[in-house]
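First chain A sits with chain B, and in the next complex the same chain sits with chain C.
Let's turn to the complex of A and B:
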């Protein structure tokens, strides 16, 4: 009944998951960033009593609402896909995700349903202070939801705090706090939220610049640029700091991902960080002796510093990780891929023996098998790997995506700083090139965020759960054709919905905030 | 005028809020269409729970463990 898994099934299932995740991630970060910007604007209104700021906040809230409606529930499809396409994986991890996702559902529902309603409906019905608190709690609720999802993702990259139970074939939570507060989870949460702030700020500054290019809504646009650009610059700095933290975590927990991010085949002490470079397309295998780069500019010693906080530290490359034999930080010698694969096979055999012995109610054999399973479980996933080179993620995609994210991050920081400086000096209005750049930066910021996910997810292939379960074992035994059908149905349906929804967004932008100076004066008096 | 009870005031708050929406009405329509498509079309016809064909957790455990063991040995 069980056929071997076809690689095209894996590719289509991954493509489908990626498409859904990309779509979902178009809207979530804007919500995270815009939510703060509008709350800051309302806070200014609360402090100054100037109705202009109320109107300004209200306009961005309208776009927040549209964006929220477009993005809402798109994440649910990812959960459907877990159950359909990745059912082995879902079963295997069930208990770990049960708690975070349940908390996420409840918190998100109650916080968002209550506070979003007050934010939109409550302007003249509740006190100014209560309204402002609701606006802040709306974004706090959305951010808490993001936290739990990112905890789940972080666990797949670094499966801490769990215990595998061979009776249920599931991982069970051994320590909630090790799962929720693992260093990977915390870093990922902060980096992802700050990157959302960048995208939200670029959205605000970009749309405000569009009004200036059209010579409309000038006071509103300049005020929005001021708030958006300062917040954006702050978010860029925080992203760089947490991105550095993420890279450090990757070096500790996923050295193969780090090596792919850097196109590093041969490791060394005092390794340099590739600033820019062109990979050699002729390099097809880690051991083909070809050069990895056609050309590159390196920042000396920086990779070692990034990875280990030590300019002279050893950073292993792809070949080293596959061949093993180097001394690790804890003094132990790294296993080769072949050794890990052998231990993985032992773990899987131990699972088979355990289940057989348990069925036969043979206690001593059960115990023996359990001990063998526990001793080798950290390499369980390697038992599915046929060829060491299957352990290498797509290097060029990971390498270029990492550069795109970091370079765009740097450019956005520069842009926000210039925009903030010029807008406070009242010189932003005349700079059309800058306004165009700000408008384009919306797409650059979105691209940087998507590239970040490419680094995180493509860079960890072939693992669904790092070292424990590769995608080839995680996937359900479906027909490739059925996955292709759902891929295209999803693509068609959501493109139609997206177009409809974007039209609403563009119409709202074209209409503008409609802040009439004479009405403002009346309201302020 | 006498003050209404809290549940009534909350109900009115939502009711009046929804009634006075402009863009929001279209957005709600889109959200409802989207949820309908997701739960009554995609989930039912295209994304059934793969392990849903087994009734008992023990059957699911057996199936997943067999798959996990076979896939390693089939290699």
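Let's turn to the complex of A and C:
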């Protein structure tokens, strides 16, 4: 007898993947941002020959190294969890999803692994030029790695360039470039990498500010603030542009996610964007008639504009998407969730019929079943969904996470601009309130980055692959107890390693770059 | 040969090559397992850790790329083995996580757990990592307990197509003596390679002397387990596939037949074994020769490559199911589509360039050997 998949197994598998991803994203963005900052500093050393810049770059490299090790360790777990915890997913879309992961390994990881060794251990073993090239190639490798894994992630949000093969019972790649260069992938890559640059910049500016608050390492700190603040401000501006692009893509491909981000239950033309608001905790279901908000401040028409580039465009809400019946952009009438679920079940049944007819070598029945499958395949994943309300992601988490990301992102831009301006006017040193703000901004930047991923991943639930495969059909057939045990092992291990990392980093920061002016003078001479 | 079948064989070759490179790079793990055997003083341990510690990223990256390439080219293996033999893979991953952080953190101030703990972590990874990987690879020849049923996807309340047939989720592989035999062979091989690497890479008379002496014991144990495994492999029943009906069946002397029917693969195996023996032998019998790692390393790559090719080529089921023989994975029934394999093959053109820059950077760093003076100058 075949057992039903236990819903707690789905939740624990989700929790384990989320846990690993959260920890991974604590470390990776610092690597992406700090990598560029230290490469810029080493480039200045290469150009000027001033040993001060070498020492400055070396200090940031030390922190980079402490952070890097735990970043790759959590990344390894993430990659293999696609197999260990999401085995059905691995077969169903492995033909498409595996390719970016393999390319990431071949093209990016080896570049990163090879040149990071030269970057750390090659100072006295290779030429200055080779060392600088290695430093840049390390961060280029890390960025290429980010590109391919984000291509894979974007494909889950917007599956493109594939077709379903009923003979192999999986989706197969039909166009590599549609997968690699989909607009969702490009936006996601740029937005994510820029957010990493912001976090890396906040890290540099924040720690440099700490030295200024302690009245230590002042030349080093001011130089780091200048580089970090300019880089951070640039990253914030680029992040806003690509964030707008991402939100526009969400509106086109994942309207339910957009509705959750906005707490929008009833859609309208000329919809307003919620600036700030408090959701009504009493609202438990989309159709319970309760108000969505206790209070909110809306910017009129802006949601329509951001979603459709048209102030009067129609933006559907959660209720509309579940109940259907509204006119879509292409003029068609939106199906209700119940209709999509019925068509999904038809698709699954058609697949079963196809397999049976093919086994019996009955060509006409095979063709008939294939036609039914093709006609309904766009709703295939809905066939595994039991209840329309299962199609609604956690609204409050998505809504608040989105606001947290945007508000912190805006504040960081402001902070970087002020810090950059004052540091170039040589007035940063005396502004203790600003130095404190910069120090605190490290946490704000990390929180904004985490919030961004919460929006992206929680907001697309219940889908592992949008419309094609819900998480309930993507998992491995394990006992819940096994996943619970590994969840707590990973939780304990990652937490201990995080505490160790923080302690080591704080020790290294307290020790400082130890740039002695008289030693510098001697070295420069 | 049909182009699709050719691509499946080409990708099995690449996966096998990555697996072979991974086994060579396990010398990093081998070195960790010898940390307390060869390194009796703090300075000696520091030199040993720096010697392999500057190479751990390569082992790590090769494992990740091996996983990625397997996922891209044979997703049904990824889905079935990783999701099924859950505990084995989780343990291997935990070993590698400990390795990644321990190298970096062990000597750092404020590392929470203390230097000794991280070094014990490294030792644990050095012992468990190779044994677990070897034991897991043993199932390629001796089978595992799973069922694959693609019709299951049409069962809405439980659509998972791969099911593991034991509650031990992979740990039962340790009960098969031939799997453990391969695990121990890989473990002692990793130690042999690390000893040869220490001889080559560390400019310290005492470490060199100790390494050469230790090499005799580890080489002897490696040879015992390797020869027993290979001897059994050549006489055991293997898992063959009928190319016409696709039926999987057990065939006496299948792996011996594979070598005889693929003389090039047999030649690669023999060249590999000779390379390993030459690298070990000359190092043992010469007091000054230091190039054993390159002969034994290349020999390891050839040997493992030949064994993995033997597991998958020549109409062989590379991941046999002991629960349902027809669920066994073959190159044909588990591979990606023709389009994906073809596209990925273009990407594989980069591999020689990747290998070239790895060799270049490796040589640049290893030109100056690790010595006491460098360690004394080295900051924590």
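Note that in this section the second predicted complex is superposed on the first by the 519 of 525 C-alpha atoms of A that agree within 3 Å, B and C clash if a C-alpha of one lies under 4 Å from a C-alpha of the other, contacts with A are read in each partner's own complex, and residues count from 1 in each chain.
Basically, a contact is a pair of C-beta atoms (placed from the backbone, for glycine too) under 8 Å apart; a residue touches a chain by one contact, two chains touch by 3 or more.
These numbers come from a predicted model, not from an experiment.
Trainee: Under the superposition described at the top, does placing chain B and chain C together on chain A give a clash or a fit?
Mentor: Here chain B and chain C cannot both sit on chain A without a clash.
Trainee: Thinking of the overlay built on chain A, is A:115 touched by chain B (first), by chain C (second), by both, or by neither?
Mentor: Only chain C is touched by A:115; chain B is not.
Trainee: Give one of first, second, both or neither to describe whether A:104 is in contact with chain B, with chain C, with both, or with none.
Mentor: second
Trainee: Should A:352 be classified as contacting the first partner (chain B), the second (chain C), both, or neither?
Mentor: both
Trainee: Taking the superposition as given, does A:500 touch the first partner, chain B, the second, chain C, both, or neither?
Mentor: Touch partners of A:500: chain B and chain C.
Trainee: On the superposed three-chain arrangement, identify whether chain B or chain C touches more chain A residues.
Mentor: C
Trainee: Of the partners chain B and chain C, which touch A:88 in the superposed model: first, second, both, neither?
Mentor: In the superposition, A:88 contacts both chain B and chain C.
Trainee: Would you check which partner chain A:443 touches, where first means chain B only, second means chain C only, and both and neither mean what they say?
Mentor: In the superposed model, A:443 contacts neither chain B nor chain C.
Trainee: Have a look at 74-82, 182-190, 236-244 or 290-298 and say which bit of chain C overlaps chain B after the superposition.
Mentor: Clashes with chain B appear only in stretch 74-82.
Trainee: Which residues would you name on chain A as touching chain B in one complex and chain C in the other?
Mentor: 2, 4-5, 65-66, 69-70, 72-73, 76-77, 80, 83-85, 87-88, 90-92, 117, 120-122, 125, 168-170, 345, 348, 351-352, 355, 383-384, 473, 476-478, 486, 489, 493, 497, 500-501, 504, 508
Trainee: Would you pull the chain A residues touching chain B in the complex into a rising list?
Mentor: Counting only chain A, the residues touching chain B are 2, 4-5, 62, 65-66, 69-70, 72-73, 76-77, 80-81, 83-85, 87-88, 90-92, 117, 120-122, 125, 166-170, 344-345, 348, 351-352, 355, 383-384, 386, 472-473, 476-478, 485-486, 489-490, 493, 497, 500-501, 504, 508.
Trainee: Can you list the residues on chain B that touch chain A in the complex?
Mentor: Touch residues, chain B against chain A: 13-14, 16-18, 20, 23-24, 26-28, 30-31, 33-35, 37-38, 42-43, 46-52, 57, 60-61, 64-75.
Trainee: In their shared complex, at which residues does chain C touch chain A?
Mentor: 54-55, 57-58, 60-61, 63-69, 71-73, 75-76, 78-84, 86-87, 89-90, 93-94, 96-97, 100-101, 103-105, 108-113, 150-164, 167, 169, 336-337, 339-340, 343-344, 347-348, 350-351, 354, 357-358, 361-362, 364-365, 367-368
Trainee: Under the definition above, what is the set of chain A residues touching chain C in their complex?
Mentor: Residues in contact with chain C: 2-5, 65-66, 68-70, 72-77, 79-80, 82-88, 90-92, 94-99, 101-107, 109-118, 120-122, 125-126, 130, 134, 165, 168-170, 172-174, 176, 345, 348-349, 351-352, 355, 383-384, 473, 475-479, 482, 486, 489, 493, 496-497, 499-501, 503-504, 506-508, 511.
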